[in-house]
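Questions regarding the structure given below will be posed in turn.
Think of it as A, B, C and D in the order they're written, each chain with its own count starting at 1.
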Amino acid sequence: MRALIDSIGADRIRQYLPLATLVILVIAVGVAQPAFLEPATLLQLAADTAVLFILATGVTFVIMLGGIDLSLQSMASLASVIVALTITRLGYGAFVLAVAVGAIVGLLAGLAHVRLRIPSFIATLAMGGVLFSAALVISHEQSITLGEAERGYQTWITGSVAGVPSVVIVGLIVLVVAHILQSRTAFGRYSAAIGAGEPAAYASGVKVDRQKVIAYALSASFAALAGVILAGRLSSGSPTLAAELLLPSIAAVVVGGTAITGGVGSIWRTLVGALIISVVRIGMTFLGVNIFAQNIVFGAVLIIAVAITIDRSKIPIVK
Amino acid sequence: MTPSADAESPRASASPKSAMHRFRLASWAPVIVLVLLCAVIAVINPNFLSFGNFVRIAQAAMIPLVLGLGATFIILMGSIDLSVEGILTLSAVILSLLVLNGANGNDLGLLAIPLVLLVGAGVGFINGAVHVKLKVPSFMTTLGTWFIGVGVANALLGGTAVRINDKLVRALAISRDPLVGLPWGVWIAIFCFFVALVIQNYTRLGRYIYALGGGEDLAGLSGIRASRVRIMAFTLAGVFYAVGGILAAAQLGLGNSQIGLGRLFTTITAVVVGGTSLAGGSGSVQQTLVGVLVVVVLSNGMVLMGIPPSVQIGVQGLMIIAAVALSMDRKLVRIVK
Amino acid sequence: MVKDINGLMGRRVSRRGLLKGGAALGAAGVFPAIITRRSFAADTPTLVNSIRSLSNPYHATWNKGGEAFAKSVGADYVTLVTEGNSEKGVSDIRAILAKTGGNVVINVDPNDAPDARPIVEAVKEAGGYVITQWNKPEDLHPWDFDPNYVAHISFSGVPYGKAMAEALFKAMGGKGGIVALGGIQSNIPAIERKAGLDQALAENPDIKLLDFQVANWSDTEALEKTNAWLTQFGDEIGGIWAANDGMGLAAVEALRADGRAGQVPVTGIDGIQLAVEAILAGEMAGTVAWDPYWQGGMGLSIGYHAATGAFDPAKEPKDHREFYGTGVIITADNAQDYYDSNIKAEPELDWNDIWGRVSGQIQY
Amino acid sequence: MSPAAATPALSLAGIEKRFPGVHALKDVSIDIMPGEVVGLIGENGAGKSTLMKILSGVYQPDGGEIRLGGQPTRFMNAADANLQGIGMVFQEQSLLTNLSVGENIYLGTEAAFTRFGMIDWKALNAAASRQLEKVEVDVDPRARTADLDFATRQMVELAKTLTLEDQAAGHLVILLDEPTSVLERAEIEILFSRVRALKSRASFIFVSHRLDEVLELSDRIYVMKDGAVVADLPAADANVTQLHQLMVGRSLQAEYYREGLQKPFQDEVVVEAEALSLGHDYRDVSFSLHAGEILGIAGVIGSGREELTRTLAGFAPHDRGKLRIGGKEVRFRTPAEAVDNGMGYIPRERRVEGLVLFLSVAANITLGNLRSLTRNGLIDNREERRLATRWVDRLNVKTPSIDALCLNLSGGNQQKVVLAKWLNAKAKVLILDHPTRGLDVGAKEEVYELVRAVTAEGVAVVLTSDTLEETIGLSHTVLVMRDGAITHRADARPGGKPTQVELIEHMV
């Protein structure tokens, strides 16, 4: 019994390990390069993390119930193309359209996964290929630059409010919405239950398939939103706009301490994870880490960060 | 869907006498998919069935096969290995720097090969040791070593590509055996396949890998040291990836740090298309061979069938969904993740 | 201590030394010098090259040119890589702007055209100087961001893609079938080079394009596509046109495995060392050298001259603000010369001859 | 057999074990003679499992001595204990279902069949066949374990343990840890006869909650309570009441199932089955279940009762006939549909299907009907905590807090959480699938009381149980099934309970 109470006490501390890791990293970089700690730099860092965070948030929903979504960067790129192609005609509607396409795509991927019983790893990898092809075809294989007029629709992404970049505010809104979804709604609870023990959730009357499909739809919608924001930040759409964002997004989720096997995790952990990734990357630039060593340092830091942040008490077997 | 506990199945189909083996009809489904695929492509472009194309498919399949063999062992344990590209790249680069090459004065010849295999084993060992000792999920451990492997390869090269001038190493990809007419590299891959088959079927390591995939806690009760098995499996996989690196370097005739690009997802896709379960415990290297052939034939066939480049990757995605959906034995799988 | 580390890293230029160290697996000795802290003197601007990655010879040479120029003026030099990730590229540049307080000259090969706008805007805001190369949106012009956006340099893919096609056709004897390998479909150079190929094909009706496939600038994909073609078309293939050298060299390897290397001409573009060597060996028919050494050094030099007041960008004509550089067409005829003067020896460039290779204003 | 006559095969003398804050074993001394079956009983927490773990080398004792054949020894780890002749047959099956029978039998000890690093499968399978002969099971060693039924698996497990004969120097001592908990009566008979036959080869320590079985199989019985041995008595002299008294320290209720407390059920029909059928599993099953009624279903393996239970819980939809809940015709394709219709399933695989072990007690309790806790799309956390606390109090769940993971609760308390989940979901029908499996006597009684209490409130119950006594004792009505059909319907109201013999007649 006492051991039990001890473990709960330790649990409290363990919860804050990801945050502590982040703070230590920020301070470490700041000590070496004080410019890093200036508010403007930190705000910029936050702004630059927004897209990564939104992508990671989407995939958190899927990882929570034990799946994975490998289609997110193709979805984000496709969303940017959709925005670029339709913004002249639809105005703000283009953003809605892109996110709606995301929801439908996620729905289809989720259905392929649960109905055909294809592992999510393969279903979403394949879906990513389909989306990439779709983006290539509709964009006629080029990147589409947005003109002055179209950029007017994107001040909610590119502007700033009282010195705070708008994209940071968008990121915070996503944080609040996703956090509520994950921690306060039946959907979030069911996801955790499915991730931690699918048979028991199923036997308890949880509509497992439906929850999964919702999670994939959410993931793709968030990816589409990230693509919309990317289109705003880069004022264009391109089938490769979100290239190389897939693995950092998943890494952000795991570095935050969410279990890749599902059941344990939260959106704020993902936020911390995304920030850790950003701080390491940008911190290396600040510290002037040799360019040839950057990948090596990054890989090592990923492993060390996960070793610190992961909550092993809730994971039966580490695989 | 019935994610019922295992408890139900034995009651329903209790027939102790029926000598059911691990290889059941369902595992033949990928073979049927492969045959169908070949038939369709051959109808559209009869060149597909030429001996020349057979050789080219074998050539295209040799590296994915070797990589898939290594990955199969990891996936059988229920883990995942993302360091395929990292180890392959590092091995290819080190090989190119050790044999006669255009950048330095080394000329170790075939002696370089055992050294490179050792490097693969070393990185694989690090994967396993970090994963087991620090209890970091294999997904993250190997993601980290992926970055590190490519990073070290890049640092060794300083951004260049190094041409391999060693005749013997190049011969792996270029020269062919006098009998069948297959490049030696293909024979190496076939040899690796049989080595993997023996490890899988006739060694304790092979057995324990299945046991860990079937239930790590239960395997522990039988006195199996899970951590040792895991470390050995990752080391073994590292050796296979190193072989892949040697073949890749021989094929392209150079070592550069982009040589591994895009190979990871092909490898895992091939393993899964073959029918090995990502949850661990079921599957085999034979199935991986079939999976590799499905993936290779598919991409070869798309060019032969004249599918426009921009939709190829999408068609490939849909075909893979179809292949996996067809070959999935839904009754055997309780939970799909 | 810091000086020592800098010294150690500074010697990185001697790549061959490093390769030897690497070959002996003694690279571990190099890694302790992971962090290179520099003083960032207040007056001289920091010079920054932002490129895709250091894992390809093209950009590695680019980086060497940058280092050489930085050394010639005694400025601090930083390399940033995007690793193909646009977000990372842009945020790294923002980080360096924050770190240096804007006293910086950035010579950037944007990962994709769209990245240029946020980069230029960020540099303008911070008061630094930026030169873009290859990729930028058509409606983004240096003169709209005076004086910070100094210039945009590109190489028109169309004439060079066409020139390579013509070199290929010539090597084939003017008729036959060819296959072509393209780069990432949405990349402007890929599109332009393909357009050049198409023009050449239109002018040479005896040449038939058997198939065009996208190999995404990847060696491996190019090898696989070429293999499939060898099945599909067999002897019909009289030549292979590739949108860059890496893919071209992979095609050569596919031919070699088929026993046909040297018999089927192959062209590439970029002018990397291995391609030039392949031309010397008779396995490739041509390539175009952009001279990345010049791109990496001269881009910085133009920016440096603007930043230090040697000229006022706002007063320069438009063909100095948005111009095509000059590529060198290399075929069997001049390959040896090029090899001797540019590859065997470190090229000698006059970094002050900033407009020396302007070959006209960019036309959209 | 006289315990004093020979040297004990295994003896424990004055074993002590302490954990932080707990004195788990106090001066425990136990002797096992060669060829003897020793029963070991005690409530959960009495120290049985700690003792077993010391015997199998998982824990090291803090004091005392272990003697094997009279020689002091230590078990460094499980493998070491194995080598010295201590084998273990586990309660939760320890065979890997994805491996073959032969592979399982020699898992971890393939070295004996390995030449130059290669396993000789022919030799291994031949040896496995010999092991299987020892336990008289006719199974191909190449058969996949997943294809075997539980009883056969248990025999395979025994065969696996007997391989120690070839490796261990001395006499074998086999620990049987709740080996019968997943077996049917007929299977248990087979197991017991095998154990008796094997007495010439080994001694056994038999741990079980089922006192009648312990009495049946053991030669001698040790009773543990609060970490100490409180009694050591020959089985022939003992009876269930006496053992129970020794275990819990108070007398067993005169009537184990407290028939007197059973209340008559109401007139309202809640579930009505009409010629319900599912493939070859069961056919033409008809019954009516009333509010407050407990309907026991008895039958052997293959009788179809398990499948019928799964149909009611939503796992295996029926293909013919009619099922009506509260007058409305239904066909459950998923458990979710069953739950929506007021069914609540308490599965036998408590840790797999009953609870999400890695979620908190509170989250598990509310998992069945989060919808009612949701206001404007958000879970009302305060209400959730209030409800969870109420159920924890009402069902007397022993947990440090409602935020503790279910993983850390004892079996009985876990079962209470499962019950709380369905009570909270206001289930009208509870399907109890072996509800007391693996629970000790005290926990069982608590479960019985709870079941009585909910039926008194009008909840209807369908019960399939491990033992006939439990079925008879709890039920108002008992259905007997054989070969997929109902063969007998017995009224089991208090005062008029059928006898076991009467039911068995219709079962076989």
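In this section, a contact is a pair of C-beta atoms (placed from the backbone, for glycine too) under 8 Å apart; a residue touches a chain by one contact, two chains touch by 3 or more.
As the structure is a computational prediction, the values presented were derived from the model and not from experiment.
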Comparison of B-D and A-B by number of C-beta pairs in contact, larger one: A-B
From the C-alpha centres, identify the chain that is farthest from subunit A. D
Between subunit B and subunit D, what distance separates the C-alpha centroids? Give it in angstrom. 43
The distance between the C-alpha centres of subunit A and subunit B, rounded to whole Å, is 29
Between subunit C and subunit D, what is the gap in Å from one C-alpha centre to the other? 70
Could you please state the distance in Å, as a whole number, between where the Cα atoms of subunit B are centred and where those of subunit C are centred? 34
Residue list for subunit B, restricted to those that touch at least two other chains: 1, 4-5, 150, 152, 154-155, 158, 310
Subunit C, residues touching no fewer than two other chains: 31, 54, 185
Could you say which residues in subunit A touch two or more other chains, in rising order? 136, 141, 199, 202, 292-297, 316
Which chains are in touch, pair by pair? A-B, A-C, A-D, B-C, B-D
Looking at the complex, which residues from subunit B come into contact with subunit D? 1-2, 4-22, 198, 201-204, 207, 210-211, 213-215, 218-219, 221-224, 281-282
Residue ranges of subunit C in contact with subunit B within the complex: 12, 15-16, 18-20, 22-23, 25, 27, 30-31, 53-57, 59-61, 63, 182, 185, 211-214, 218-221, 223-225, 227-232, 234, 246, 249-250, 253, 256-258, 272-274, 277
Touching residues on subunit A, where the partner in the complex is subunit D: 1-5, 7-8, 180, 184-186, 189-190, 192-193, 196-197, 199-207, 263-264, 314, 316
Please name which positions on subunit C make contact with subunit A in the complex. 9, 31, 33-38, 54, 78-81, 83-88, 90-92, 94-96, 98-99, 101, 111-115, 117-118, 137-140, 184-186, 188, 191
Taking the complex as given, what residues does subunit B use to touch subunit C? 45, 47-48, 50, 52-53, 56, 59-60, 94, 97-98, 102-106, 150, 152, 154-163, 173-174, 183, 248, 251-254, 256-259, 261-263, 299-300, 303-304, 306, 309-310
